[in-house]
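You will see chain A twice below: alongside chain B first, and alongside chain C after that.
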Partner chain A sequence: MLRAWLTRGMIFAVLVLGVPAWAFEKPDFVVIVHPSNPVSAMSRLDLERIYRKDIKFWPDGEHVIPINAPSSSKVRASFNKTVLRSSIDALVTFWNRKYFGGETPPLVLRSSDAILSYVAQRPNAIGYVPAGYSIEGTRVVPIRFDD
Partner chain B sequence: MISLNSIRGKLLLYAAVILILPTLIYGLLVYRSARDVLEPTIREQLADEALRVESALREFLIGHAQHVRGWAHIDIMREIVVHDVDKTISQFLEAARADYGYLDLMVFDGKGLCRASSNPAQLGKTFVEIAPHSVSSSGDEGRIAYSPDHAAFYMKFVAPVPDPDRDGYYLGTLIALLDRSALEDVVNAGRKRGLMEVLLLDGEGRILAGESPPPGSQELPRRAGYGGRSRHISGAAPVVYNRMDSDGREFIVGEVALRENSALPKLDWHVLAMMPRDTALAPVVGVRNRVFIFGSFVTLIGLVLAWIISSNISKPIKDLTEITTRIADKGALETIPDPHSADEVGQLTLSFQKMVDKLSAAQEELIQSAKLAFLGEMAAGIAHEIRTPLGIIKNSAQLIERRLEPLDDAEGAEFARFIYEETDRLNGFVTDVLNFSRPAPPQKSEADVAAIATRALHVLKAEAAKKEVTLHNRIEGETPLLMCDSGQIYQVFLNIVMNAIQACEPGGNVEVSATLLNGPGERSGTRGSSGHDGEGGHARHIAGNEAAGGSGGNGAAGDSALSGPVLEISICDDGPGISEELRDTLFTPFSSKREGGIGLGLAIVQRIVTAHGGEIEAGNRPEGGARFRVRLPLSG
Partner chain C sequence: MRKLLITVLAVFVLAASAPPCALSQNLDQRGISALGGNLLIGGYIAAGIELLDESADTVRGDNTHTRQAVLDDLSMFLTYEMTADLSMFVEAELEDSLFLDEDGLEIGSQLFSLERFYLEYEPNQYLRLRAGKLLTPVGIWNQIHAAPLVWTSSRPLTTELFYDTGTTGVQADTRWHSGRLDFALSAFGQATEQLDETHGPQRQGQAFGTRMQIGGEERWYFGTSYLHFKDRSEGRWETTVGSDFLLITDRWEFSSEFAFNRPDGAAAATWGAYAQAVFNAGHGFHPVLRYEYVDMDGISGSPLVFGVAYRGSGGSVWKLEGRVGAEDLGTGGNGILASWAKLY
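Our next item is the complex of A and B:
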């Protein structure tokens, strides 16, 4: 009963207080790394900083190679929304600025298979594929959406 | 100063004309021929070069236009929709820029905002020169414009970026900015043109390539006078023409318009390959100048040679002229020196020598004739006046002798005989003078010379015996009959032999001989006169020294002029010979140095021989003694 109330309370709170939608949205992708990668889990903020190329190295000193899905894919849109929490326009502006400073955006691979295959071969790569996709040869890194 | 009327002046003038004229004509012919060959070749080269550069340029432009169009179609252009958030296009453009040497490659979206670029600074900006939604070639494509951003001139290639997902829709426009220097590289590629200049001009006469704009300039340079011309050139065939530059220099220009191509916008561009005409023809001018220099050198040498030759020719003529002028002015017949050469001038000198000799001889004869004429006149007068008293004296002396005979006055009779004998001698003298001054023309008939000689020697035998001189008559056998006046020829024998007897010492010998000669060539070692022309002319007397073989003669010797069969009568003695001083006056009347002689004997001999068309020669024999040779033509 209490649980039911709590649920109702939260729904109410969301409706009334306007809690952001992503706070409740379950990500429909998984982040994958090479099986040998020692990182067991990471925060959303770290992941965002990796994809904005603010973090460039793994804790062991290896270069991080972030892989993006094509800009027109659903999983990319979902990733932008839940991890980067930015619109396309904001990202364009961000990357135009970064590009001017000599920084290029993460590598884009055209399909999830390509991303899987790339990550499976590169110990320092990190990517994402739609949830439920076979992740053979890679390892899922849980993301903590605790911020 | 050399007069043109002189031989030297004329020769120099002819040499100059003969040398300079061909040199000039040859130089001009060489120049014109070489120019006629070279100029078309250069025009062809210019046309070829313009065409070659145009082809290279067209391929280059088509290549770039095709690149840009190709890039506009690649898949990643879809990213324009998401404003190239992943910089996929930008990175591609940057790689392409680096590879192909563009100034910049940019992609604009439908709103005219730069969404991807090889130059990040351009992102999000508009490109003012591109009209929004401009998707096809715009009119300014054929223009080279200045970009302040790049501080460079560029050429723009524009390609629409089609939307692969929607037919007929476009995502944006790809613009490539190519540095103008790339055109420069094409125009200058494979340059082995030497002095050839190649320019790429647009329709307004601006130089797109071939001459770089000054640093910092935002305007392309122009070539004055060529823009307007360019408008008249169309079609693919190159046109070659001559054009004066603004500074008055003439250029040969090969021009061709850039051919149209579907991959390219319509470009009013022209390629000009040009060369200053004087530079193009410089090798020909060089050849011409060398011909002229060589010709001048040859002319100079020719003139020097002409100078030397003309000196050689004119000097003897001048010398001769001076001598003849002196002769004309002073009347003295001086000796003309022997010529130095046997050429025409030498012949002329010899002729002058002969002429002067003849003049001298004629002068001598004139003097002699004058003497004789005077003598003749005087003799005629004296003879009449003397002969009458002489006759009376002789008769009186004979009467006295006759009257003294009975008285036995031997001494008186002897005196009387002296008187009439001397009277006879005087009478003989008067006769001689008369004979000489009024010579009778020879009464010719055929006569035997041997008989005449024998008679004369016989008459002189007593005189010879008195002087103890032996006479030898060597005229033996038959001598041919001679047409002559036998009395006069008898006189000749008498006078010469008498002279010889007088010259001989006691015990001496006088020898008379005769030889028949068939022509003048038969005589060897004889010295005769030239210039004799037969009867009516004069016989030349020659007095020479035969001992010297003819070379020691008096210099006026020559071969006999007699022709046909000639009888040569030779009278020799072994006396002292003819002395040098006597030689010249031997035949001159009244010149005898002999005691008792009056000097008419040999003068009469010469006159008779001359009247017979013969010649007489006096000289000394090699073995000593005098020799007289009388040559008489058989025909008289």
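Our next item is the complex of A and C:
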């Protein structure tokens, strides 16, 4: 009985509120780390926490250095939509408040080549580049979009 | 000296507001970074116009003007990452520094204040230590109170009546995640008095407190705070407890805070609460509505604030609001407030 009502409620919620765009979004980027990084896979939520600087350390205790693509790039827009799941407006509010607290946003590099080169040289760094991009010197970390 | 300080900060604001220069390597970052990104200098500026029907309690204790333009804040942050684990943060401010009213242009009498100055040590994911002058970790507003970050020109009384904005001492924070939930716990203490008392003696002497917070993916959280402190003017210990709630969606931001204060052994208590809703109407416009109720020492009031904030590009915010129901609360009464603020 309860399950039936829950199912009806969910169908109603989807009909009324609509399905969020990210539910159908297929990521068109890959997340890369240094080849020596021991992390084999990661959840979307942990990746979001890294890019919001709520997670600042890898499991082995090393500092995480998240790298962002330029805010005007397509790959950044795709990353914001599928990983951070926030509007630009909400992200601006979020980082302005963090900035007041002494926290700076992730480092931004000017191109995918620059991101690739940076991650290839630093074992603690994590970044993302468009899917299909040559990732020489780095390793792809599969992201679980199961939430 | 005051004019020199204002001039120096004004020049800095203009320089920092300019397009990113060669020093800045972080395209998303405000301010100016140098020393390989380890040093960041930023801040904010805020100015406003008040058309109110009562005089307000301001830095100028003798202020009797109800219509005035004020350069509210000229603030500068400095963050220096000494090592991966250790950093320093400084926020210096020129507050209520220029007034324009019926008497002409005046310079405020108490200009320069050190809002924050602390060392931070963060050796792992579960521990962060801060020592120095900090923002008292109570509630929502107090920890983001800079003009460009809040949606109204006026501040709810609930966020400033029951504790000092700053605490000089130490603070230990821990945080952890469980599934989709984020948890944070803080403990803090102040041994003697504030590091900088530009605005006169602060209320808190010795103090200690805790804050607990539970939230989800930076979209909502619920917090509770506890503060036990010695009231320096009354010479007695008091307890303040509070709770707060924040919910952010792509279109809405709802927030609410409650605070309750009682001197030890006394029957009388003071308390206040507010609830605020902000709607993202698009094109940078954010209508705001806030209702508050405060009951303090026999005086009670229920200010209602309604207005709109416009967020333009480059970190600037314009605000216009009306206020009713704020008679005899020491905040200037009812009327209209408008302001501009910019984060740089």
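To be clear about the criterion, the second predicted complex is superposed on the first by the 130 of 147 C-alpha atoms of A that agree within 3 Å, B and C clash if a C-alpha of one lies under 4 Å from a C-alpha of the other, contacts with A are read in each partner's own complex, and residues count from 1 in each chain.
The rule we apply is simple: a contact is a pair of C-beta atoms (placed from the backbone, for glycine too) under 8 Å apart; a residue touches a chain by one contact, two chains touch by 3 or more.
Quantities reported herein were computed from a predicted structural model and do not represent experimental measurements.
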* Asked: With both structures lined up on chain A, is it a clash or a fit for chain B and chain C?
  -> clash
* Winner by number of chain A residues touched, once chain B and chain C are compared -> C
* Should A:Ser134 be classified as contacting the first partner (chain B), the second (chain C), both, or neither? -> neither
* Classify the contacts of A:Arg49 with the two partner chains as first (chain B alone), second (chain C alone), both, or neither. => second
* After lining up the shared chain so the two structures overlap, which partner does A:Ser111 touch, if you call chain B first and chain C second: first, second, both or neither? -> neither
* To do: Could you look at A:Gln121 and tell me whether it touches chain B, chain C, both or neither (first, second, both, neither)?
  => neither
* Classify the contacts of A:Ser71 with the two partner chains as first (chain B alone), second (chain C alone), both, or neither. => both
* Tell me which stretch of chain C runs into chain B once the two are superposed: 58-66, 94-102 or 184-192. => 94-102
* Kindly list the residues of chain A that each of chain B and chain C touches, one partner per complex. => 68, 71, 89, 92, 95-96, 99-100, 104-106, 108
* Asked: Which residues of chain A touch chain C in the complex?
  -> 45, 48-49, 52, 54-57, 61, 63, 68, 70-71, 86-87, 89-90, 92-97, 99-102, 104-108, 110, 147
* **Contact footprint of chain B on chain A as seen in their complex** => 68, 71-72, 88-89, 91-92, 95-96, 99-100, 104-106, 108
* Structure fact -> So, in the complex, the side of chain B touching chain A is made of residues 78-79, 81-88, 90-91, 120-121, 123-124
* To do: Mind listing the chain C positions that touch chain A in their complex?
  => 25-30, 37, 40, 42, 77, 79, 84, 87, 89, 120, 122, 124-125, 143-144, 146, 148-149, 175, 177, 180, 182, 217-218, 248, 250, 253, 280, 311, 315, 343
